[in-house]
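The following pair of complexes shares a single chain, chain A, combined with chain B in the former and chain C in the latter.
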Partner chain A sequence: MLDTLIQAFGLITTWEVIVAMLAASVYGLVIGSLPGLSATMATALLVPVTFYLSPIAAIATIVAASSMAIFSGDIPGALLRIPGTPASAAYADEAYAMTRKGEAELALGAGVWFSAVGGIAGTLSLMILAPPLAEIALSFSTFEYFWLALLGLMCATLVARSSPVKAIAGMFIGLLVSCIGIENPGGVPRFTAGLTDLLGGIEPIPALVGVFAVAQVMRAMLTPEPPPIPRRKFGSILAGQWTLTKKYNWQMWRGNIIGIIIGVLPGAGADMAAWVSYAMSKRFSKQPEKFGTGHVEGLVEAGASNNASVASGWVPSLLFGIPGDTIAAIAIGVLYMKGLNPGPTLFTEKASSMYAIYLLFIIANIMMIPLGIVMIRLASYVLRAPRSTVMPVIMVCCAVGSFAIGNNLFGVVTVAAFGVIGYVMEANGYPVAAMVLGIVMGTMVEQAFVTSLIKSDGSILPFFDRPISAILATMAIGAFVWPVLVWLWRRLKPAATAAATPSR
Partner chain B sequence: MSKITRRAFAASTAAAAAVAGLGLKPASAQAYPARPVTVIVPWGAGGGTDATARIVAALLEKDLGQPFNVVNRTGGSGVVGHSAIATAAPDGYTIGMLTVEISMMHWQGLTELDPKSYTPLALMNEDPPGIQVSSTSPYKTVKELADAIKAAAPGKFKASGTGQGGIWHLALVGWMQAMGLPANQVAWVPSNGAAPAMQDLAAGGLDLTTCSLPEARAIIEAGKARSLAVMAPARNKIFPDVPTLKESMGIDYATGAWRGIAGPKGLPADVATKLTASLKKVFDSAEFKDFMSNRGFGTVWGNATEFAAFMDKGDAAMGVAMKAAGLAKA
Partner chain C sequence: MRLPDRVTGLFLVGLGAAAAYGGWKLPPVPGQPVGPNVFPLVIGIGLALCGLAIAFGIGHSFEEEEEIVPFEGGAAPAPQGKLYGLRALLPPALLLFYVVVAERVGFILTAAIIVYVTATALGARWKLALPLTIGAPIVIHLIFSKLLRVPLPIGLLPMPW
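Up next is the complex of A and B:
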């Protein structure tokens, strides 16, 4: 064990690995922080570079770039209310509200600090618990995924600040959008209007960029410039994080654990982890009324959760070659290419390489703190820049980013269309985040439901009689019925007391 | 400085023109490729097709001395990229990677494009499907599994590996037909690719999968599944113990997902010949072989005419299978 660890240290302490890792970190931070460019894209664009690197250096670039990009997606979310990734969308409103209150450094500091904590917790779970965690992943069939996706969708109403009815409406618009295309269980083109481009459906990323970034630019053009945030030196970023860690210790651990579990389940990933954790944080908070007004509690939990899921998402990838999310899918390709074929033998025969990968994760998460602070300081100049210079730059980033996804003009059109949709929705009080959640989860809900019914020959019994499925079903139905019961109880209680009074 | 006279101006213009002309002449007569070539990939960056295209492009660049730039044109489930290759100018400066979907999409009525819309250059890879069951499955040989399928009511057995009407679905349909069974004898459970299908197989949600061996490899090596047979003419190098369908059942059925390089229709003959010759060098290079065997991808060579014949045969077979499965548009 110690020998392998020393060997692993030897593998990563070469100039090639160190330089590759630093360069990839900076690259990941920059790409992730630009609105319209995503963490997945940052990773995909690195693949050709990994051709020329040694195996460990190649993995180092992927690990460093993806961890950094997921965190730095929080930066435009907090400063401009434009989340960089769907994972940041859950709490972008909250972080922006903190910035408006003059607490940008606390919001971003919490982002970088709890991202690093979550990332390290996820890595430890990967090191210590990989085999039992993998067993969890392999006990999930489509029946369980259906309930899980349904629980994810329910978070839309919990997270939203607006009326639950409008949140549900927003989510349904998202579900409708996810119906577009041929990528459905039946393999039948739906709502494509005969357009080839629509066959592939609407991806969550262009929709996200449209409803947040483009709509934000449109609003900026129509509203007078808000009173500038008082010009002052950006305070210490790490100060106060330790206090937060102690104050929200339990929330942080809950975020880590939820993130690790959701990350291990292939197909769920960081997006769902952030949503579920943010919703849980609000649900179980002592001060739920503060959520949405610039309250850091949800950021702590969700920030820890999404980075924990990034590391634990490697468990099914490394053991079975099953990607936990799109980034892991790319990483698996690189692993194969470099002769580090996923499978249990990787943990035994190539143990030193495995330990090197663990170490890379830990180093990447530690490096995230100083590099992230530098990035936050640089990005904070955006707050001082006049809006008339910032908005056109965002627009250019959106156009370039959406084109670069598929070298296809259709992406740009999609972003523009969702900009208009997002603007109209927000102007009428419908939360766009709920719609994004609908698009992310829609395909999963449908796929899981239809394929489950095919497998059970149309019987819905297996949704309830498989053990894990039954637990998830209880949770999902409980989450649905609970508010109704509370409402009924409140309605009936005054009547009961009223009826009781005369007899006294 | 003296002023520029009309004569001097004329002379210098003529000289410049002459230099330009001299400079241009060798350029236009210069052999293909005289400038960078674009290689279109119809699938996203980071996937298997993208990786294969990138290694081929890097080696072509080394051989022909001009950059070969890989461009991912995604969207429309592959239709967008495939049509970008077909509609490019046939000058040899835009080529692309075709995948098996080109022989399937037109039967579904998704596009007019078929293998005849291209100038085939070379077939580089083919991965045949395997037949995998969970490690807890009672079936030890493909014969036992086939007998159980025959004895069961249609739709009792559930299989997966890709979406509805995808290549592995049609592999299953082809296998059923080769055994004289109806196309729907085994129900197809559409999945979002091979990896989720293999996961569901291990989770006990499916009876079998018909995805390729490289896709199933990690789960098999983890001891969660086993492969009973490959639908190929020969055994797979990574799994030499897995018999072919012909060996174990006497059924001569083989299919597979393939990747090849092609240009738009009407590519000049000299350009096409040069590219095919260069692709042959790429195919024979140690770098390509190492890369493909690391990824677990099969290597199959076919020159321009062989690739064309291969696609024609596959296209016709796909038509039959898709009509039988009710997937083809009438």
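Up next is the complex of A and C:
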């Protein structure tokens, strides 16, 4: 254990890792703070760069950029009432109300301080949860993997802030995309329409870049430019944060824990964590009437929550290759490319790399405090960059980056196509995160499903035979039945009240 | 581009049916009960069922209407015209333009055109757009071609490095 820890230290204390991490942090802070550019997009555009780095340095850039971007989304939220990333949307109003009361320092300080605390709590959960779960997962057969994957997909549809039917449809679209290509149980070309470029299937990373980056540029074409930020001087950023930590200790921990749980759930990421935690904070607060008028309590809880979910989202990713959120979906792609194939054996065979990942998360979250403060002070300059300078650069990066992934121009076509798909889906209320999850997990679901079917000779019963698979099956089916029951209940209730009223 | 649920739902029914049919037609693996045809069949049927449900408005009650927060200090409202909605198609069109042209014309010129068109479409004045058009492709070329060794097409305008 100590040996592995020392090895892990050796892995991360190289110049390559340190420089990559610093650069990725600055990149994440800038992209996260620009409204309309999300943390997922920041991470997706980073992937081509990670190709040319060593495995640990590649993971370091992903970890640093995603953690920083989730925090720095709070900055324009507090100063402009426009969340920089969706994860900050839940409390942007509250933070802006604080700024108007003259408490901008307190709001931004709470953002950076509790983000760091949440991130470290999330990392601890990753360190504590993952190894024992890996022990259990070692005994999993394809039946368990099938149900687990299905449960993951269902979770993603349950937590979407949209119609669950549309979320499930989005998931099916993603699975259908993953069907394309030759990588299937029969090894026959499937849905390739005779195109050789499609034989290899659709790469998840260009699809992600299209859905999260190109679609965003498309939206920018139709929305007005956000107003420029007023120039201002800030007082001490961290003053009063320790008092807040003591005063709202319980809220902070509740935020951490909710964030961890939501992060572990597949498909549900930082934005969901922030919404749930903010709502919970309001619900259990002693002063709920103060919420919305510039009250720091919700900021503490939700700010901790969204960063906690970033780290804990790696738990299912590392263990099963099931992404905990869209950022983790990208991380999985990078892990595969770097020979760190997700799976329970990762924790025994590549233990030093795992420790290195834990250390990277902790370092990234500690670095967040000084870098975050610098970023807050520079925010009025960075946020002055007009959209018309940022978006063109992103367009070119999309083209070059997607080309670089396979040195193949077809990647650029994929990005363009998924930009359109993502834009149309988003505009019509279909959650794109569900589709992304379907694309990433499709091959795994199919493999587990078909292998299980072959093993069981076409019978369904063995899917429920083993105890763990029975539990997982119940949960997966429950996740599907639950919205149906809620819908029926909502349908029947107005009917019942309508029937009851005339009799009175 | 908000389409009625009925339209998107029926589109999904069609897509699902096509996928199921396409999957069903795939050749089975000899001597094996399940092959590459099962998964698309299941997914296609599932997608078609979802599409039906959406077309009939099931689950619509779960959707939260997105709250549009007006900016304070009021940016000018977007001009609405018939062709205005088509502007959204500019980014993917530019990417396809890159695919067609990059090999022949080279990275620097293609990227410059993409940057210039995107910047002007987003309302940049020439004072901003021109330096960006010259600077951005060179910097990106430097990073990707020199630092990351991506073989970018040279085309008509080779870079000195």
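The working rule: the second predicted complex is superposed on the first by the 276 of 504 C-alpha atoms of A that agree within 3 Å, B and C clash if a C-alpha of one lies under 4 Å from a C-alpha of the other, contacts with A are read in each partner's own complex, and residues count from 1 in each chain.
By definition in this document, a residue touches a chain if its C-beta (ideal position, glycine included) is under 8 Å from a C-beta of that chain, and two chains touch if they have at least 3 such contacts.
Predicted, not measured: the structure shown is a model, and the values here were computed from it.
Of the two partner chains, neither chain B nor chain C is touched by A:V374. More residues of chain A lie in contact with C than with the other chain of the pair chain B and chain C. In the superposed model, A:I454 makes contact with both chain B and chain C. Look at A:L319: by the touch rule set out above, it reaches chain B but stays clear of chain C. By the document's definition of touching, of the two partners only chain C reaches A:A220; chain B does not.
Once the two complexes are overlaid on the shared chain, A:N407 sits against chain B and chain C alike.
In the superposition on chain A, contact is made by A:P392 with chain C only, not with chain B.
Of the two partner chains placed by superposition, chain B and chain C are both touched by A:P48. In the superposition on chain A, A:L175 makes contact with chain C only, while chain B stays out of contact range. Within the superposed three-chain model, A:F191 lies in touch with chain C and out of touch with chain B [touch as defined at top]. Comparing the two complexes, residues 48, 51, 185-187, 407, 450, 454, 457 of chain A contact chain B in one case and chain C in the other. Of all residues in chain A, only 48-49, 51-52, 81-82, 93, 161-166, 168-169, 172-173, 175-176, 179, 184-188, 190-191, 214, 217-227, 386-389, 391-393, 395-400, 403-404, 407, 409, 412-413, 415-417, 419-420, 423-424, 427-430, 446, 449-450, 453-454, 457-458, 483, 487, 490 touch chain C in the complex they form.
Those residues of chain A lying in contact with chain B across their complex are 43-45, 47-48, 51, 137-143, 181-183, 185-187, 189, 196-200, 266-267, 316, 319-323, 329-330, 333, 336-339, 341-345, 405-408, 410-411, 443, 447, 450-451, 454-455, 457. Contact residues of chain C toward chain A in the complex are 1-3, 5, 8, 12, 15-16, 19, 22-23, 26-29, 32-40, 43-44, 46-47, 50-51, 53-54, 58-64, 69, 71-73, 75-78, 84-85, 87-96, 98-99, 102-103, 107, 111, 114-116, 118-124, 128-129, 132, 136-137, 140, 144, 147-152. Within the complex formed with chain A, the chain B residues making contact are 44-48, 50-51, 54-55, 58, 70-77, 79-80, 83, 108, 110-111, 155, 158, 160, 163-166, 187-192, 195-196, 198-200, 202-206, 217-219, 221-224, 291, 294-296, 327.
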